[in-house]
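Note that the chains are named A, B, C and D in the order they appear, and that numbering of residues resets to 1 at the start of each chain.
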Amino acid sequence: MGIERLGYVQVRVTDLNVARAYYTNVLGLREVEVTADRAYLKAWDEHDHHSLILRQAATSGLDHIGWKLESAADLEQIETRAERAGARVERLPADADLATGPAIRFETPSNHIVSLYFGMQKVGNGLPKLNPMPRPAGLIGIAPPRLDHLLVTTEHVPESTRFFESVLGFRLVEQVVTDDGVQVAAFLERTRTPHDIAFVPGRDGGLHHFAYWLDNFSDLAPAADLLRMNKIGIDIGPTRHGITRGHTIYFFDPAGNRNEVFTGGYYVDSDFEPISWSADQLGPAIFYYEGKLNEAFLSVYS
Amino acid sequence: MGIERLGYVQVRVTDLNVARAYYTNVLGLREVEVTADRAYLKAWDEHDHHSLILRQAATSGLDHIGWKLESAADLEQIETRAERAGARVERLPADADLATGPAIRFETPSNHIVSLYFGMQKVGNGLPKLNPMPRPAGLIGIAPPRLDHLLVTTEHVPESTRFFESVLGFRLVEQVVTDDGVQVAAFLERTRTPHDIAFVPGRDGGLHHFAYWLDNFSDLAPAADLLRMNKIGIDIGPTRHGITRGHTIYFFDPAGNRNEVFTGGYYVDSDFEPISWSADQLGPAIFYYEGKLNEAFLSVYS
Amino acid sequence: MGIERLGYVQVRVTDLNVARAYYTNVLGLREVEVTADRAYLKAWDEHDHHSLILRQAATSGLDHIGWKLESAADLEQIETRAERAGARVERLPADADLATGPAIRFETPSNHIVSLYFGMQKVGNGLPKLNPMPRPAGLIGIAPPRLDHLLVTTEHVPESTRFFESVLGFRLVEQVVTDDGVQVAAFLERTRTPHDIAFVPGRDGGLHHFAYWLDNFSDLAPAADLLRMNKIGIDIGPTRHGITRGHTIYFFDPAGNRNEVFTGGYYVDSDFEPISWSADQLGPAIFYYEGKLNEAFLSVYS
Amino acid sequence: MGIERLGYVQVRVTDLNVARAYYTNVLGLREVEVTADRAYLKAWDEHDHHSLILRQAATSGLDHIGWKLESAADLEQIETRAERAGARVERLPADADLATGPAIRFETPSNHIVSLYFGMQKVGNGLPKLNPMPRPAGLIGIAPPRLDHLLVTTEHVPESTRFFESVLGFRLVEQVVTDDGVQVAAFLERTRTPHDIAFVPGRDGGLHHFAYWLDNFSDLAPAADLLRMNKIGIDIGPTRHGITRGHTIYFFDPAGNRNEVFTGGYYVDSDFEPISWSADQLGPAIFYYEGKLNEAFLSVYS
């Protein structure tokens, strides 16, 4: 009951066609639907209509975050909890445009808009339900199987953590804390992975990155090759995070939104005791191999 | 709420010391505790006291399956549902021997004994909760991070599936069905993976195998090397399952219990529409690369 | 000086178009040239005109083996040595059809026809000689970078070994020997790898398999996937050889010629002391993980 | 005939015991012999006595480079060519200390001392010559199988290239050239790999790094883990070279000598047409994923 997983992110791009070309040919998502100012895309092994909406706009950045609910009853429960926590909740009817069932939407203490929905149109993963092959033929680009998580920036990390814990049922897995015990970054989960969302320092409402899953460390090499063969700048990687233990590559879409391919991590029990990183260990916490942040990590985001 | 995950398996071994040597040195589990007739072991990245109990006995095979619950309240709820379904439920107090909190225990339609418990003593994963390394130094053997799933045999696959769905809250992910629509094998999940338990044809109460997780396909090569360098017979693999899409090696512990190391699979939503395999495709369904079963798969188990 | 490497194999196929479709779309070779009854193919990272000639014929099997020489002077030296060893050497002029410079051709004690040539037309690897990318865009199929080695069958293993050592300058790396010291299989090299050619028991003139190289163990998983997704039967693998230590998949082209993708092995010095395998260890020697031969290995070849 | 391969490097370390601990426990070499001021080490799959000599000294850096010859006759031939090229050649008798047979030694135009020797004492790779396992049990650390190549610095790259080509029989594989056609870096081979030695800009006699081989890209992850778990600073990587196409990690030994683990590359024919990189593409040429040099690459070496 409650939030099932990160359903989709809607991000702004400054040239929709350029972004579509990148997300389909290089990242290797499938384009499910295109409208005048939007493109709906999904990773190949996702069954729902989309995990990414690109919206043509003057700037890059995050419009809202879609969370898939396990049941219709979750809508009401979360609405109640969100309102008690002071959020102004908007009810949305089933939306043909978003291909979703009924939803609620509100702003978090970090000034991010979250949309919680029950029921998204299913388009399938391109494989039959009878005797399927392990993957469809003819995948192109990096072709990750699915969306994994996102990081957002905020000036209110502790408040955001508490809101996501108390209102949305997330569990804290890892955090960075100062000597004075102030939480400066927080990694939270709903799916027994090290993070479905994380909060890092930055302006409220910012998008640090969203990440697609890869199955194996060895998949990072052809992914990095494809990025560079297509002249996509790699921010950092392949490298490893201390936090989450995941292996990663960061890079930017043509509009400047940071993308990640991520693999690894670990299984998280519901009674997992959170891991803490002291602020002076932020370097290895973020980039375990380098032992220090690269310049862009905390300063460049959309 | 409900079953959190497969907690442990208790299996019989015919020579406890030989089995202990194998499970620690070759499979690479950590021995947490040893009593007169039992050894408690855990994979390195597990935090709870054990995921495997070896019991000295005259024969190999499965004693019971331990399922970890998310809350104490689950005990009562499942007890009620199990009794309604005709099971005779035994209440167990917190058990120092099993290092668990209160539990209930009963027999399933497949004649397997399941134990559902809330709260197991935590021993940690060998890493600090402050600024941990990605893994402990000095791991030996295959050293999988955690237990993943088990397969059991039964003459009553459809009844077992229904019982696990209705009483224990499992969801069907994949199945093998005859032309007449009879379910001959079933793969069910609680943790959004392709299977936490599966039922395959065989005598009631049998153990087909239990599986430890590996993070990468490339981890299968050193695993297979270590098995053979230690003269452990490989049943089959490295190969790939059609069902679950996982990559795998099967092998036997010294007492004859089948083990597996498993990686891959896919993420399963709660509204996942199950995949079916027709019985004439059982070969590629089980061993996708070979396209047919090996002799031992359906006939040899403990 | 002498033989530089295995240059190409010319094999017979019973349906040239079916074979062409397989070798280009599934194995992922590039077709360089097609004539009425032949197709010339190369792996993507080879620079010379071809490493495989398919010839339309009534049966499958090996026509001849092409060895690339380091210098024109090698032709005469090897001709002299071959004639001294009793071979009837045929001189071939530069051949536009084979895209090679001058060559000599003769039959070995194992009844295989070898062609030694100096100079083959270069077609390049699809990458510029100035600032190249790491690989061409748009590779399809398994797409190995290059031909690696071949195994042939003979009733005369020791004579073949001696001939390849004394006439062609090969070095013995590994062998299988009976208790009586009879060599029943031999693996020989010219390129500091565990084998460029090997002799295994079977009828004279037979082709056991020819193998293309893969860079990583992890490349075997997508290779096996592609084979099965295209309904190509896998003979065995992914598995590991005891001999050569290589990781491997064996499979058959549509005409019945056995192919292999191979990775691993080790570097061999010119003063390497050969490794021996006792005949009763033939199982792990050939298939280290299985510990025994599969049925087809010694009986099925073309 | 001629140089068989890079045999060993002798480097200076400022604390022999600290260096020994690092090279055995972290890099995972085997220590074969220790004297008052030297330690002789080998990678596990090497058969000769050593591939690395550590010498206690006041500074780090390279003492000399040992090249293994294929035959005793090579000594005289290369001596003649070296003297004609103006080198002052020193003849060394068989040397028990170096565990080598007779050798010649001279300085190259880049002020590096090279030692060419025929015959080094064999100590084996820890595996029997009859029915060996694929690797010895109990390897620790990164445990590369063998030494692969080295890079040295010089103010005289073109002269060094010509000397290594004409006197030592190396072949140019890749080079960096300015718009005016000046060669600023050169990669040369004797073993059909992209480089056995390379010359990059820097002071004469400098050591940029020496590299040990790993078999798979996926081996880079545990290697990087082990380095950081042992607090060894990673210079850069895992990343990919444009030049050689190899995947790599650079790091420093405790004395400040740069080490590399390297995998990949490609097979080089003797008639390979060299690849050129324009100087303005030096970034991707050296670090293909980053597209630019890190600060340390050209400025920090020993």
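As a convention for this text, contacts are C-beta pairs under 8 Å (C-beta built on N, C-alpha and C of every residue); 3 or more make two chains touch, one makes a residue touch a chain.
Please read these numbers as outputs of a predicted model, since none were measured by experiment.
Student: Looking at A-C and C-D, which one has the bigger number of contacting C-beta pairs?
Tutor: C-D
Student: Most remote chain relative to chain A, going by C-alpha centroids?
Tutor: It is C whose centre lies farthest from that of chain A.
Student: From the C-alpha centre of chain C to that of chain D, how far is it in Å?
Tutor: Their C-alpha centroids are separated by 31 Å.
Student: Calculate how many whole Å lie between the centre of chain B and the centre of chain C, each centre taken as the average of the chain's C-alpha atoms.
Tutor: Whole-Å distance between the two chain centres: 43.
Student: Could you please state the distance in Å, as a whole number, between where the Cα atoms of chain A are centred and where those of chain C are centred?
Tutor: Going by mean C-alpha positions, chain A sits 48 Å from chain C.
Student: Which parts of chain A, given as residue numbers and ranges, touch two or more other chains?
Tutor: 134, 216-218, 225, 228, 240, 284, 288
Student: What part of chain D is in contact with chain B in the complex they form?
Tutor: Those in contact with chain B are residues 133-135, 137, 216, 218, 225, 228-229.
Student: State the interface residues of chain C toward chain B in the complex, per the touch definition above.
Tutor: Against chain B, chain C makes touches at 216-218, 221, 224-225, 227-228, 233-234, 237-240, 247, 284, 288-291.
Student: Any idea which chain B residues touch chain A in the complex?
Tutor: For this pair, the touching residues of chain B are 1, 4-5, 45, 47-48, 68, 70, 122, 129-132, 134, 145-146, 191-192, 213, 215-218, 240, 242, 245, 264, 266-267, 269-270, 272-278, 281, 284-285, 288.
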